[in-house]
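Scrolling down, you'll hit the structures one after another.
Next come two complexes built around chain A: one with chain B, the other with chain C.
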Partner chain A sequence: MGVTILTQFPTENRTGPQTIDVLSKRIMALGAIQQGQFLVDCETYTSVQQLGPQRTVHVLHNSEQPATVFSLLETGTKTIPLATDGLFDLLMMKMSSFYTSKKQTKAESKGPRYEIGDFCVKLGTVTVSSNFKGILVEVEYRPCVVPAMCWDLLKEFLQGFLGLSGPTNPPAYLQNRMQEIYSPIDTIHQYLEHFTLFRKSPVEANVN
Partner chain B sequence: MSTPGTAMDSLSAALKCNIIPNQEYLLQGSVLDQYVEVLLHRLRGLCDNVDSGPESFHDHELCFTLRAANTGAPMVLPLRVRRALDVNDAPFQLRYVGQQELGDKNRPTVVRSSIDMACSSTIVEFLTELGCRLDFEYIARGYMFRKGRMKITVSKIFKMGGNKPGEGVEPISQSYLVELSVLAPSGQDAIGEDMRVFAEQLRPLVQLEKIDYKRLGNMM
Partner chain C sequence: MERDIEQLNSALNSVKILRSNVRRVFESVSNGLRADHGDDGKENKFILELQELLTTVNNNLRDVENSVSNLTPPSGPFSLGNTTYLSQETTQERQALYGQLVNSYKWTDKIREYSAVAGNILAANSFNKTYKTFSTTKRRKTQTSNHNVPPEVIENLITSIDRLFTDVTITTNRPFVPNPVIQASLGRVLKAIIAFKGLMIEWVIVKAHAESNDLWSESRYKVFRKVTENCHAAMCHFHSPMMPELAVRSFMVVYCYIFFVFLKMYKK
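Here is the complex of A and B:
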């Protein structure tokens, strides 16, 4: 487990698969080897009226940690993270009369996963309730766990294959946590930030 | 290379194959303090962990409920959090325990649904902010034995004293709570019979029985 940076890559005039194709060619040219596929998904539940002030629970899964369910509870004033075993999904079903999932909000990012030296690169096609929304590129630098100590390296690596679309600043979520030890829940926070933006964005025309 | 299936797909598959241990088979009883050593001695002889001896535990349990005032029947979801006080880095345990199944009166044990999982230490704040109310909490200290897939615990229950667990605790009675339980997928009723046979071997030191909580509630 290292430090992960998640960034959106603009599709411009290309379709989703075309963009993934361009990026995978670039990363393969650098010497990356494909190691399977990955999937991160997110379902959002909101509290029923009888429970008082509205709260939101986001339940996320990451194929990189297949035995864990990550939840983020938003109360309006703060966000509380929780990591549990897989059976948490079963508990959410029990809670269905208190917390209900809004249909049309299931978000996921999936696609090929590459390894290149100390880096792990994932090219994700993002869909919200099966509608294509955009491309998310995840890069993990595995030997280091403190963002501040490897941000420059990650930035250089990202700009190396994303060009001008590479990030110039750390993701907003990480900016005030640069000196802290990075853990898988931090990746989940970054995904949720992007999924929330994608859910608000209009459906892209180029579905394929 | 195939895309990994979603977590929900694998959960539904596991539910379909009935491999999730979501039923608890339970018998309960108690033993007076002065006889607990005799019971522990007998359990040491009967159970699997003969060489290593029993495992001790010292846990803090918090019992929450999630309630919503509903037109008609009120909705209540009980949730319990357990954390080890003697092992610092052990994960917290979150547990949902359902109503006991009415079922067959001749069934040898209580059967109730149970969802048990390890979780991070943020769980207490998570549940509180989720809308759960803390109903009560207690400290349990005692020993755990295993016999096949049966779990036997002998525990002393303490009231919470000071603000911190472990501070000024007071035992709630002069006896130990004895529990015999198995967590298994539903439909494995044969385990109930094994439990009945095992409970028989502990008589007359301790009488392990099906405790009907509803009737206990009426007695108070």
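Here is the complex of A and C:
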């Protein structure tokens, strides 16, 4: 498990599949090999009024950690992360009378997964309740576990194949955790940040 | 060798062509007169066709003779010993043996070839792990053994290295008392697992910070496999049977140097 950077790639008048096509051509030209597909999905549940102040639980799955269910509980003042095994999904179903899922909020990012040397690149098409929202590019540098150590390398790699749309600063979530050891839940935090932004954004015209 | 095979191939090819054209002659003769020969002078047409086919066969035969004369006969008989009779074995389950035997011949041949090449290279670059003197002068130095040294000496060496390099964190464990295995971690990026044999470095493997401490498995990551290669080169280069302590110390300097180059590469 290495350091992962998640960044949004602007579609610029192109449709989702066209953008994925452009990016996959670029990464293949660098010598990457496709290694299957990936999927990250997110479902959000909110507590019913009887439970007092409203709390939100985001339940996420990542195909990179297929046996784990990640959940982030937002109490309003702080966020509590939790990594559990697959049974957590069933538990949430049992609690459906306390935590109800809002309709139209299921967000997911899926697409091809590439490996190039020690890097792992994922080109995700983001849909919120099956409406196309945008493109998320995930790049993981696997040998390193401290973000501060490899941020410059990752930045260079990202700018190398995303051009000017590559990030110039670390993701907001990582900025005060640069010296800490990176773990899969940090990737989940980054995904949630982007999904929340995408949910708020208006539906794009080019629905696929 | 390559040319021989090519010629053999072309000879086999021309035999194939000859066979196929001879077949066409017999086919034509057995069919006799056909409807497509028409009515007027059908016999003449048939004879002409046959003549044409025979000319082709003649030409093909000449090709075969030419290519056969180009072949060079093998210099001596192929001696396979009693194993030649294996090809005549009639029992079903033993017939497979012949193929395997031929394969093993091929492999032994390859091994001989490679070992000859390796022998040449090793003769030119000596990586001797034991110190030998070939001089015949009377002033022979006493040969020190580096394999069998008291554990305290190694202990002192490791402690001094630990003091010398502040960036390196060294943890030691001793599966066998005189031969410690040390794990030298640099930052939170990489670690080298170094096995000693007496005072000499026996084995080095570099891995990512998050990987296991197993001495025998390679790193999962390309970048650390490359660093391991460099460390092996450094280990062989600095190996000196006369001054083993210096060799270990030089190796550690190079190891640290590799690490700083590595960090530089990370942080442009």
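Just so we're on the same page, the second predicted complex is superposed on the first by the 208 of 208 C-alpha atoms of A that agree within 3 Å, B and C clash if a C-alpha of one lies under 4 Å from a C-alpha of the other, contacts with A are read in each partner's own complex, and residues count from 1 in each chain.
Throughout what follows, a residue touches a chain if its C-beta (ideal position, glycine included) is under 8 Å from a C-beta of that chain, and two chains touch if they have at least 3 such contacts.
Keep in mind that what you see is a predicted model, and the values were worked out from it rather than measured.
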Contacts of A:80 with chain B and chain C, given as first, second, both or neither: first
Chain B versus chain C as contact partner of A:13, first or second or both or neither: neither
Which of chain B and chain C A:168 touches, first, second, both or neither: neither
Contacts of A:181 with chain B and chain C, given as first, second, both or neither: second
Which of chain B and chain C A:130 touches, first, second, both or neither: neither
First (chain B), second (chain C), both or neither touched by A:150: second
Partner touching more residues of chain A, whether chain B or chain C: B
Contacts of A:1 with chain B and chain C, given as first, second, both or neither: second
Touch list for chain C against partner chain A, complex: 187-189, 208-210, 219-224, 263, 265-268
Residue numbers on chain A that touch chain C, as the complex places them: 1, 117-118, 142-146, 149-150, 152-153, 156, 181
Touching residues (chain side chain A, partner chain B) in the complex: 34, 36-39, 41, 43, 47-48, 50-52, 55, 57, 61, 63, 66, 69, 71, 73, 75, 78, 80-91, 94-95, 97-98, 108, 110
Contact set on chain B toward chain A in their complex: 1-4, 6-8, 10-11, 15, 20, 22, 66, 68-70, 75, 77, 94, 96, 115-120, 122-123, 125-126, 129-131
